[in-house]
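Same chain, two partners: subunit A is paired with subunit B first, then with subunit C.
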Partner chain A sequence: MDFYARTLIDYAVVALGMAIAMFVVFQVLVRLGMKREAATGYALILPWLLGFIIWTAYPILASLYYSFTNYNVFQPPKWVGLDNYIKWLTNDRSFWPSLRLTLLYGLISLPIGLALSLGVAMLLARNVRGVGVWRTLYYLPAVIPAVATILLWRWLLGSEGLVNQILSPVYNLIGMDKPSWFVDERYALPGLIIMSLWGVFGANTVILLAGLKNIPTHLYEAVELDGGGAWAKFRHITLPMVSPTLFYTLVLGMIAAVKTFEPGIFIKLNSLTTGTFLQVLVYGNAFAGGNSRMGYASALGWIMLVIIMVLTLLVFRSSALWVYYEGERK
Partner chain B sequence: MNNFRLIIPFVIAGMAIAACAAPPVAPAPRAQQPAEQATPAPAAVAEKVKIRLATWAGVEEAKELQAVIDKVNAAATTYEIVHEPQPADYYTKIQTNLAGGTAADLLWLSQEFIAGYADKGVLLDISDYLKNDTRPAAQLDDYFPDVLQTAQFNGRTYGLPWIAQPVVLYYNPKMFADAGVEPPNENWTWDDFKAAAEKLTRDTDGDGKPDQWGTVFNGWPPIHMFIWQAGGEVISEDKTKSPIDTPEALAGAQFYKDIIYNPKYAAPQEVIKEQGFSELAKNGKVAMFFGGAADDLDYAHTKDPRFAEMQVALVPKGPKNRATFAWTASTVINAATKNPQAAYDALVDLTEGIHRWKIVAPRKSLANAEVIAASVPQKKASAEVILKALPDARSFRIVPRQSEWDSIFWEKFQDPLFQGKGTAAELAKQARPELEATLSQ
Partner chain C sequence: MATVSTPAPPKTALRTSGIGSMKVRRMVSDVITYILLVLGALVVLIPLLWMISTSLKTESELFLLPLRLFPEVPQWHNYIDVWRIQPFTQFFMNTIFITVLAMGGEILTCALVAYGFARFRFPGRDILFIIMLGTMMLPGIITLIPTFLIWRGFERIDTFTPLTVGALFAWGPAYIFLLRQFFLTIPHEMEEAATIDGANTLQTFFYVMLPLVKPALLAIAVLSFTGNWNNFQAPLIYINTLQKYPVILALYAFSESLSKEAPKWHYMMAMTVIMSLPIIALYFAAQRYFIEGLTVGAVKG
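On to the complex of A and B.
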């Protein structure tokens, strides 16, 4: 009770302080000659702005600084220059296998995931009875927490799990032992990719569905008048018209793939042989085990940023070849 | 201006509603007593100071510990210990709590963490408190020196060890009898162990693959103890060298390499991952298992008849000695505690209580069969062997940058050795300079 009352008072004090700060900002801006409407706007975004500076901008800049230091969260950081970056790239046995795993995971799971998302979105774009129910059902997996999903897949892909039980006749036919997904190095990556496809029916499908719904029907009618069939409609209308949406989901999916975290935490992978996800290495060095190497972990965070930027740049550069914008002139 | 005045009350109301609607996370009990006064009030009228204790105890262990704490609290006049078990991600949590200034007053720390945290100034130096304390648990000369040194750093003491658990050899008498192998005895050497492990690795269902194994290694037992047994060291006594490339150290490492994941003697990696490590022994799939003296392998079958019956023997002798690893942990005091004296008093009283609960108590005066049997009655039959193992028990030599040393030792030496990515001599030669770089301050 004591604790709750104290917390409530803390909240009230913060709220009051914020209101006073907003009022002061408003007054200062008006005195400086700003229009009242604009000053009101700035005063109202003040809480968000403070939150952004304190909780986002400052940690980003701090991590950049820490990446050049030896910092254990208890003692002041010691400047070491580029040492942390050099160690990751030349002397850390977990970095290259983990980079390989992370990139392969993204390169394989992303195109398959996008193709399946597009397929599901096209099915859901059809005007059939009860389409609302179908859309809800297909979106349901996306609202299940990641941890529950991973635990479910760990069970499904266990050596005596459902997947191996179902595929058992196939294994017998080709004379293969039941694979130990997530245990055997050879099957870890395929296992993770199969698991990632669970997300196919989530946000990407909804975004692509919106993109499909924006395609004017007269374009399909024009194809029909020209005698084109379903493939022609898909190849010459659907794909070009939905390509900006695909581009958007590809960029976001790629960033998410490089930042993959949960599967690597709940499925133990050997970082020295199979490799694990880069984000797991960041967490492991920054927090896990009670021996923080925050500077070293920060350096990997910034290496990941560079990787993401290079990949995004490549996708942006390639977009001229495959993304079609209606108003574009060539 | 009017716009803004209209909006302000809504903002405040909104925030107040948000505050009411979002209850905070369940509170961790806090030490709410103000800082101790120079002249304490009479015990009878003074309110007891709350001393928070963080441990990694799981449900069962926490229940047993609570019984110890209840007794300590009943006798205490100045403090009350409040237990905060954190069984998952313990070290990650306490690190965050310590850095954020919200850590408990007392903390359990495994041996490898104490020097590092002491070096970072996070732990209270209790050397001066101990000097004038006559309570039995505060008498440092009663502790096994090798165990006590894990709670010390630069000649100062930062905690009191509460357990010294030597590694012993659990074996399955039925599997030995079925394979026609004599059970282990006190004269067993590495060669005897290997010969028995080979005979005990058997294909019992005739499918051409072994389904029971002589032993199981997986990074546990620590490779250190075999290096010690061969006369080598992983960290020198003065803690300035890592002589892992000496012929003695290499002999110990090679013995380990010959056994780990080798289907001739031991369970392979895939089997361990699929069926669990100690579970292989409990389920009668592995005949010999190196385990801590407090493990329940020798009495698990009395709780659940599905588990295999096992007995205890000394670990086999190496070329030079029979050194065995002693796992130890201590209770330490958070340097930022608001009540250092009360926390210290609680530490000593609690340590005495734990020494009567955990086996083996790290004190010479308590290392006897009566105390072991009184602490854990199921261990009565194993007490004699456990006590025989104690004189050969050694703890790690801990250095401030222990986690870095451990990472390099694993990544550059042990793991590649186990995976066959180099010989012990090649890998030791490469790893030694990097290991020694972490020893120099």
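On to the complex of A and C.
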């Protein structure tokens, strides 16, 4: 039990230190002639500011430095220039399949997931009875720990699992063998996508439903007066009005897809053929196995950062074409 | 809508048939709506029911064909067995210890920081706030390795310190953002009144402001609780000793031992249920706050 005590002491020391630091910052700034309001502001945001410096800014710079070195933790890092980016990337046979898997996983599961979520949200927005009950139900999978979801689907998608048993008439009909989902290279990606759809679509449904509820009904009435049908309402009112919410879920979903980690740890994917998630590759190089390659892992982390930045930039750029903000004037 | 284009029959007929067809139309679309909703609900529920039903089966029932949703005799003792195979009480205490410390630190410091951003003018505030929002996009993996090396430098690997103490540095830009939005809606008169009554900044914060943003605090508490409870990557990296495992690592270790020869999926599913149950209970108890925390960024931002 002394390990609890140890952390409690650490925790108390840091908390106390933080309180003292906030007080000192306030006093010093006031003595230096700063207005009390400004000094209080700086003192209040100090926890975040310190956290940003210690846990974000320094680590980013450090990992950039490590990415140019050979570093196995036990010996000091050795500068190797661009080696990690060039030599390792061309030699690491699991990188390209993993990049492909991570990107395809996001590119396929995101649009399908958003379309499904929007569909369900639109059904719920039709003033159905017991919206609350449906919403509770649909959101349930998103509440369950991701790890529980993965274990559950590993079981459901086993070669003798429930899904294959339910689908076995279909397999017989089209003369196909039962796929062993996460083992067979061809079915690993579809399996992962099915799992992710089940896990997240409820959360997006709730977000989109909130967006749909914000659409004033008089807009729909206007379309009706003009003789427009259901499609016109969807195309000209629902879609533009809900596009900022769709944009928000798209950006978050994209970042989450690139950062996918747990499925790749709990489901053993062949990193040379199927590929695995990039984040798992980083973890594997840095922490798992005998020789840790912190330098190479940092380089991979930076490649992921660049991928996320490029994708985010693309989505933000494209948003001018399809996202409609009501307050905006053209 | 359909009536607009149809040529006009006699007046009375138009009225009745028009309303009649509208009604039928409405009914048909309602029926379709409910059928789709029920189908969706089945897709959500069947896997969950299967998880519970598997956890109550015997090992020989696992692959018995035809598959049955309900086991012959529910094996409730599976849950006790699971508890006996591994020191689950210890794992639970570890998870609760980590979750409570991290959650407490997170809520308190994020509220302080959000209050600072919302209510006090100081040079560089807006730039700092944008930087803070920008860190939301950052993949954690970038900071993971140096952070690990910092804790290693402090000799805190295989302790709970890396999983909890970081929370005191206002983890979670999303929480700060959410709280700031709430603080902004509170009229300034509240603080002015407190100041006139002789309260200092901290007293105003704790006795006036915090009670006013209670819904936001609860939303964050719920998010933070689930986030820490479900956190897998950090314990995987920092914790090595079995005795210090949180529940989630115990699940991982057991899942690694599953094989074709020892397909103990009934135990695996029982553990999964045990781990999910507190979160599901919290969800049903505080559903409003889950939804609030989830939607506030999308609709207000």
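By our rule, the second predicted complex is superposed on the first by the 306 of 330 C-alpha atoms of A that agree within 3 Å, B and C clash if a C-alpha of one lies under 4 Å from a C-alpha of the other, contacts with A are read in each partner's own complex, and residues count from 1 in each chain.
Simple rule for what comes next: contacts are C-beta pairs under 8 Å (C-beta built on N, C-alpha and C of every residue); 3 or more make two chains touch, one makes a residue touch a chain.
Nothing here was measured: the structure is a model prediction, and the numbers come from that model.
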Inset, instruction - Once the structures are superposed on A, label A:R93 by its partner contacts, choosing first (subunit B), second (subunit C), both or neither. - result: first
Inset, instruction - Could you say whether A:L162 touches subunit B, subunit C, both of them, or neither, answering first, second, both or neither? - result: second
Inset, instruction - Once the structures are superposed on A, label A:F287 by its partner contacts, choosing first (subunit B), second (subunit C), both or neither. - result: both
Inset, instruction - Identify the partner contact of A:I193: answer first if only subunit B is touched, second if only subunit C is, both if each is, neither if none is. - result: neither
Inset, instruction - Go through the superposed model and pick first if A:Q75 touches only subunit B, second if only subunit C, both, or neither. - result: first
Inset, instruction - Based on the superposed arrangement, let me know which partner A:M18 touches: subunit B (first), subunit C (second), both, or neither? - result: both
Inset, instruction - Mind working out whether A:I45 is in touch with subunit B, subunit C, both or neither, as first, second, both or neither? - result: second
Inset, instruction - Go through the superposed model and pick first if A:E37 touches only subunit B, second if only subunit C, both, or neither. - result: both
Inset, instruction - Please tell me which partner, subunit B or subunit C, touches more residues of subunit A. - result: C
Legend entry - Partner chain in contact with A:M254 - subunit B first, subunit C second, else both or neither: neither
Legend entry - Touching both subunit B and subunit C, residues of subunit A: 3-4, 7-8, 11, 14-15, 18, 37, 39-40, 43-44, 73, 287
Legend entry - subunit A - residues contacting subunit C, complex: 3-4, 6-8, 10-11, 14-15, 18, 37-45, 47-52, 54-56, 58-60, 62-63, 66, 73, 120, 123-124, 126, 128, 134-141, 143-148, 151-156, 160, 162, 165, 198, 202-203, 206-207, 210-211, 214, 224, 227-229, 245, 248-249, 255, 258-259, 261-262, 265-266, 279, 282-283, 286-287, 294, 297-298, 301-302, 304-305, 308-309, 312
Inset, instruction - Sort out for me which residues of subunit A touch subunit B in the complex. - result: 3-4, 7-8, 11-12, 14-16, 18-19, 22-23, 26, 30, 36-37, 39-40, 43-44, 72-75, 93-94, 159, 180, 183-184, 272-273, 287-292
Inset, instruction - Would you tell me which residues of subunit C are touching subunit A in their complex? - result: 1, 4, 30, 33-34, 36-37, 40-41, 43-48, 50-51, 54, 63, 65-67, 97, 101, 105, 109, 112-113, 115-117, 119-123, 125, 128, 131-132, 135, 137-150, 152, 156, 159-161, 164-166, 168-171, 176, 201, 226, 229-230, 232-233, 236-237, 243-244, 248, 251-252, 255, 265, 268-269, 272, 275-276, 279-280, 283-284, 287, 290-291, 294-295, 297-299, 301
Legend entry - Contact set on subunit B toward subunit A in their complex: 1, 3-4, 7-8, 11-12, 15-16, 18-20, 23-24, 27, 30, 89-92, 94-96, 98-99, 113, 116-117, 120-122, 270, 273-274, 402-404, 411-412, 415, 419
